[in-house]
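Here come two complexes built around chain A, the first alongside chain B, the second alongside chain C.
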Partner chain A sequence: MSIWFALSPILVLAVGALGLMMADAFSKSRSDLALGSFITFLSAGLFAVALWIMGGVPAETAKLVAPWIILDKFTLFFEATLCLGGAISSLLAGGYLPEHDLDRGEFYALMLLSAIGALLLAAAGEILALFIGLETMSLGVYAMTAFRRTNPRSAEGALKYFLLGSFAAALLLYGGALLYGATGTTSLTGIRDALTSGQFGSLRDPSRLPMVVLSMVFILVGLAFKVSAVPFHMWTPDAYQGAPTPATAFMSVVVKGAALATMMRVMLVAFGDKGSASWASGWPPVVAGLAIATMVVANLIAIRQENVKRMLAYSSIAHAGYLLVGLVASWGSGNPQVAAEGRAALLFYILQYTVTQAGAFGALILCGSRGREAVSYEDLAGLGRRHPAAALPFAVFCVSLAGIPPTAGFFGKLYIFRAAIEGGFTGLAVIGLLNSALSVYYYLRVLVYLYMREPAPGAPQAIPMRSGYVTAALVLAGVLLLYFGLLPGRSLEMALSAAKSLI
Partner chain B sequence: MIPIPAFLVLAAILFTIGTVGFLVRRNVLVALMSIELMLNAINLTFVAFNRAYPNEHTGQTTSFFVIAIAAAEAAVGLAIVLSFFRLRKTVRSDSADLLKN
Partner chain C sequence: MQPAVAQAQQSMPVIGPFLAKMWPVLAAGAAGALVPRRDSRSERFWFAVAAALAVLFLTLLWPDAKVAAEEATATGEYPHLLSWLIAIPVFGALAVLFVPRQATRAVQVITMLVMAAEIVATCLLFKVTPKEGFWLEETVEWIPAWGIKYHVALDGISYWLIVLTSILTPVAVFVSFGSIKTRLKDFCFAFLLLQGAMVGSLVALDLFLFYVMWEAMLIPMYVLIGVWGGVDRIKASIKFFIYTMAGSMLMLAAILWIVFKYRALSGTMSFDLVDLQRLGLPLVTQKWLFAGFAIAFLIKVPMFPVHTWLPDAHTQAPTGGSIILAAVMLKLGCYGYIRFGMGLFPHAAHEAGATLAGVAVVGGIIYGALCALKQNDIKRLVAYSSVSHLGYVMLGIFAGNPASMEGAILQMVNHGISTGALFLLVGVIYDRRHTRDVAEYGGIAKAMPWFAAVWVIVTFSSIGLPGTNGFIGEWLVISGAFMSKGTLGQWGRSQAIGAAIGVILGAAYMLTVTQKVFFGPLDNPKNKRLPDLTRREAIALAPLIVLVFAIGLFPRVFTERMHGSVAAFLQDHTMRYSATPPEKPVLAPPPAPAAPAAKAGE
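On to the complex of A and B.
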């Protein structure tokens, strides 16, 4: 197999991004750029699916770019998932940007370029490639957050996101530098070998162990910023609220998914072996603590929100908590069978979360036309009676976010909590379940306002927008949501096969 | 020859200055400079460690890439600071207080 074909998902995105920039410069109308961006994402995703169907990238081809880029089924799974999230976000942008007077073509190019970084991050098997992917992804997203140029909230959200994001990236890279010093290599598998066997002679020397622990702390903190785990979540609600909503959808699914992919690689490949030196495998309790803090804090704050977009931002932080539960379960206490099932549960969760969360932001976009946006719960009052077609998707995606059967969200949570119990983290699973029950309150509150409240007389009412792009995105997300919910078997099988390729 | 740990200690000090500067100072431009300082401390760490592993040039090549990325980051960062300044007429991060719970 040619290496070009093996790398095709990333290359297609790159060609598409450059092509869209040219099209933006030479065309008069901008309405087709969203379609172009959607097609680029779709074809990149289809290339990943094609590679998967052909049985993955053969080892001798994958060796050409190893250890910088790892081309296993795990990478292909993430490439397809991230492209799916990007495709939905670009359709949403096609409806949102013209409606809110932001119709400038560079948004799509930024989204595609940022997605290249996300795919590279998910495929990175080496510290430098990881950092390049992380920064490529983040720089595009910072610019997208600041896209509403006349809006001070947008600039403020972007400023906070940029400062904390680059600070976190610097911490992560310092961790990588210390790890390089301790082990003599920057490839993740090389680091694992050094930590388990001491073949570099370094870990026989106990003076280097503090350096390994310190570097792990730095890397963990840097990645926790990116997946927005408490207490490193301060930027999240502000950036999510300030950004244009399609950019928020992109951030909450693509950026989070890619960051979680690299977190899995770093934690499970480089530090995952139980036999590795000293504290190098002592991270599961720490991540479990992060997961508990993330779920509890995010859910408690989400309950108190009056702004729906901010509520969805906190909900996305809470979901980062469930994802971290899955990460702990993926460690599986060193038992490969339990670990594989935990990883599969986590991958399935990311897949359904991509569809559900992007769809929820899409439903929020649909509920507000220019100047009549759905900002608070009050604005949504009575929408179910006045505009049933606009209210229905919001209700469906909220039910799935809450994890009520038979939606995809239910199976995602079921598999994750089951994996946590099998991995010996029963307490963590119980806390996750309680939090999940708590979150039902604020998701169902959306439904209550949609269907059971009437707007106060004279109060501003949201008016749904009309857009073929947004409708298409919601139909796509809704169909996939039902597919993952009613027939989870096939996708779970794929997740398991991807999970087993992570070594 | 200057021993490797001397470089590492210098890098650690620079990194600490950058971290403290980022956390303490309220001027966004100073925060940006602190991040650059941290990245340069990281470069120094990579290059210094490379002397301990002379067979490959991983540390040195890494630092080149980090320099390029730092430049891109500064470009995007200054653009964001500029757009914030244009709307709010200040570059102090404690005046970024529109978004609250």
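On to the complex of A and C.
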């Protein structure tokens, strides 16, 4: 197999991004840029799927770009998932930007370029490649956050995101440098080999042990920032609220997914060995602590929100907590069978979360039009009666986010918590389950306002927008949501096979 | 790839499998046609074609393309009755969605026809001959990788509850048509879905299926309270939802744990109750898992001290919602406790039974009755009487001998009938006066003689006057509890006495409210010209009154059906809890292949 074909998902995105930039510069009409970027995402995703169907990238091809870019089924799974998230976000942008008079072509190019970074991040098997992917992804997202130039919230969110993000990236880089100093390599598998052979690994000098631990902490913090785990979540609500909603969807789905992919690679490959997980770092308990803090804090704050978009931002943080539960579970206490299933559960969760969360933001977009945005719960009052077609998708996605059967969200949670119980983290699973009972409150509030409250006389009301793009995105997300919810068997098998390729 | 193409070609002539196979293609085509801002039809058309072809390409590329739905729709011969019982209301609900909102008459007629079809299907149940083990068992693989099956079956324990569901839901809907004027279509949709989910959780033997059905009941009920309820409806509906959800999350954790343990020992995954019952667990483990299940079920029952959602939910719910909540949904807590709580954790259930029985008597029967005595709101009074009556049911279950268990199951049905009727009657006067305050009424028997007569009959049934259904149930429970030294221990007799005191208190609060509302001087001028029962209300009440006397006079007809199952269940349960619990988890060998369906070997 040609290496060009093996790298095709990333290359297609790159070509598409450059092409769209040219199209934007030389064409007068902008209305089809969204379609173009949707098609780019779709074809990149299809290339990933095609590679998967052909049985993955053969070893001799993958070796050409090995340790920098790893081309295993795990990467392909993430490439397809991230492209799906990107496709939904670009469809949303196609409806949202013209409606809110933000229709500038750079947005799509930024989104595609940022997605290249995300794909690279998911594929990176080496710390420098990882860093390049992370920065490529982040720079695009910073600009997208600041896209509403005249809006102070947008500027505030972007600045916060940029400053804290740079800080986190610096921490990550510093951790990488320390790790290189301790082990003499930047490749993740090389680091694992250095850490696992012998009692203290093959570190020539046991006094370098603290360096390894410190670098692990730095890397963990840098990545926890990207997945917005508590206490590194402070930027999230502001950035999510300030950004144009399609960019928010992109951030909460693609950026988080890619960050989680690399977190899995770093934690499970480089530090995943039973020995090193216990002495070099002891990261599973730390991540479990992060997960608990993330779930509890995010859910409690989300309950108090009056702004729907901010509520969804906190809900996205809470979901990061569930994802971290999955990460702990996929360590599997060193048992390969349990670990593989935990990883599969985590991959499936990301897949369904991509569809559900992007769909929820899409539903929020659909509920408001220019000057009549759906901002607070009050704006949504009585929408189910006035515009049932706009309210229904929001209700469905909220039910899935809450994890109520038979939606995809339920299966995602089920698999994650089952994996946690099998991995011996029963307490963590019980806390997670109780948290998801807690989260039901604020998801149901959306339903309450949509269907059970009438707007106060004279109060502003949201008026749904009309856009074929947004409708198409919601139909796509809704169909996938039901598919993952009712017949999860096949996607779960794929997740399992992707999980097993992570070594 | 090749076989997939061949397979696709073979099934071309048949529309059903063709659609099942090709639905992604069609969906993509539809999505393509919806893509944006294309004014001309031909452009939309080509988009649709392109999208459909892309997906078709992908489907054919897909390795061993096989649609799981094909397995699920495997047609067999007649005994798919239980699936029909679930499917009729669910598909009816979907059918209602396609009726225009304005055509209220059509919505009503379709809903009633669907429910009539459900009753007809239930009548076919009467033809089933009781046998050992489960009846009408049906198993279809659902998610094979996880050992999740669609496994439904029936036995004497769930039999009458299903009958009760399919009789009471139409009653509740029919009487609601008189008072529900807004968003009728949504109302019918929610009710039909609720009925499907309730029947589904009564017949599910796969824990996963049960959990899905159990949760699926929540949303329609939440919507029923939240949309058509009283002034505080939103608070009440959220309280109801969070309480139940918190309980079911603990149950889910316990389910996952037990499934994990099963796999660790047997090597395969299964959520099937029959499989999981083979698992022997140490006492401490059993206690934790039992706690997870029991909390979920006892919240639903509800038992003191987690009963506080009930008065709010009942008071705020619309009449139809209250009827179905009291008559069927609460029973699912009791049923789940028997089937899953006792079925899976015999030792823990046996050990906790005596203590919980004490809670049921003091916190349920007596405390509920005392609360009911102090209520001014008639509906709240009936709600607290539910807490008290379900105390009997739970006492009967905890006592765990054939008489008390049969009494408990019968009492579930009785409570469904009498409390359902009481809520219906409260709804009748509420519709006329828009108040439920006892002080507002007095002497209305003069204005509404028929209404008063029906109320008195239902009151008698509720307090357990001989000749009515309530008497049989309470008698069986109390006498069963009195004889249950083996399960309730030394306090069994005093608990029976406590329950008997509850009967007296029950008579006290029901007769007090009857006296205050119906008799005495008719001095409130607003009550002078109240219209009596309408034809709609009379028709809705008639089957309930018939059932009150049918069960009261011929209880044998009803207990006969449950006799075999209850005896077998209790024998099995006793046998299992009498054995010493193992030190560490063990797996019993599977039952003999001759009787794969039999739960307990004779």
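Quick note on the criterion: the second predicted complex is superposed on the first by the 494 of 503 C-alpha atoms of A that agree within 3 Å, B and C clash if a C-alpha of one lies under 4 Å from a C-alpha of the other, contacts with A are read in each partner's own complex, and residues count from 1 in each chain.
Here is the rule we use: contacts are C-beta pairs under 8 Å (C-beta built on N, C-alpha and C of every residue); 3 or more make two chains touch, one makes a residue touch a chain.
These numbers were taken from a predicted model, which means no experiment stands behind them.
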For this session: Specify the outcome, clash or fit, for chain B and chain C once both structures are aligned onto chain A.
Result: fit
Problem set entry | First (chain B), second (chain C), both or neither touched by A:185 | first
For this session: Name the contact category of A:414: first (chain B only), second (chain C only), both, or neither.
Result: second
For this session: Return, as a multiple of 10 degrees, the angle whose vertex is the Cα centre of chain A and whose sides reach the Cα centres of chain B and chain C.
Result: 150
For this session: Pick one for A:107: touches chain B only (first), chain C only (second), both, or neither.
Result: neither
For this session: Kindly classify A:283 by the partners it touches after superposition: chain B alone (first), chain C alone (second), both, or neither?
Result: neither
Exercise. Touch check for A:404: first (chain B), second (chain C), both, or neither?
Worked result: second
Exercise. Does chain B (first) or chain C (second) touch A:49, or do both, or does neither?
Worked result: second
Exercise. Is A:437 touching the first partner chain B, the second partner chain C, both, or neither of them?
Worked result: second
Exercise. Looking at the overlay, does A:41 come into contact with chain B only (first), chain C only (second), both, or neither?
Worked result: neither
Seminar exercise, completed: Minimum Cα separation between chain B and chain C after superposition, in Å, equals 23
Seminar exercise, completed: Footprint intersection on chain A (chain B / chain C) at none
Exercise. Along chain C, where are the residues that touch chain A in the complex?
Worked result: 27, 30-31, 34-38, 54, 58, 61-63, 68-69, 143-146, 183, 211-212, 215-216, 218-219, 222-223, 226-227, 233-234, 237-238, 241-242, 245-246, 249-250, 252-253, 256-257, 259-260
For this session: Quick one: which bits of chain B touch chain A in the complex? Just the residue numbers, please.
Result: 8, 15, 18, 22, 28, 31-32, 35, 38-39, 41-42, 45-46, 49, 52-53, 58-59, 61-62, 65-66, 69, 72-73, 76-77, 79-81, 83-84, 87-88, 93, 96, 98-99, 101
Exercise. Can you name the residues of chain A that touch chain C in the complex?
Worked result: 31, 34-35, 46, 49-50, 53, 94-95, 385, 399, 404-406, 410, 414, 417-418, 421-422, 426, 429-430, 433-434, 436-438, 440-441, 444, 447-448, 451-453, 467-469, 471-472, 475-476, 479, 487-490, 492-493, 496
Problem set entry | Interfacial residue positions of chain A with respect to chain B in the complex | 127-128, 131-132, 135, 139, 142-143, 146, 149-153, 155-160, 162-163, 166-167, 170-171, 173-174, 177-178, 180-181, 184-186, 237-238, 241-242, 301, 304-305, 310
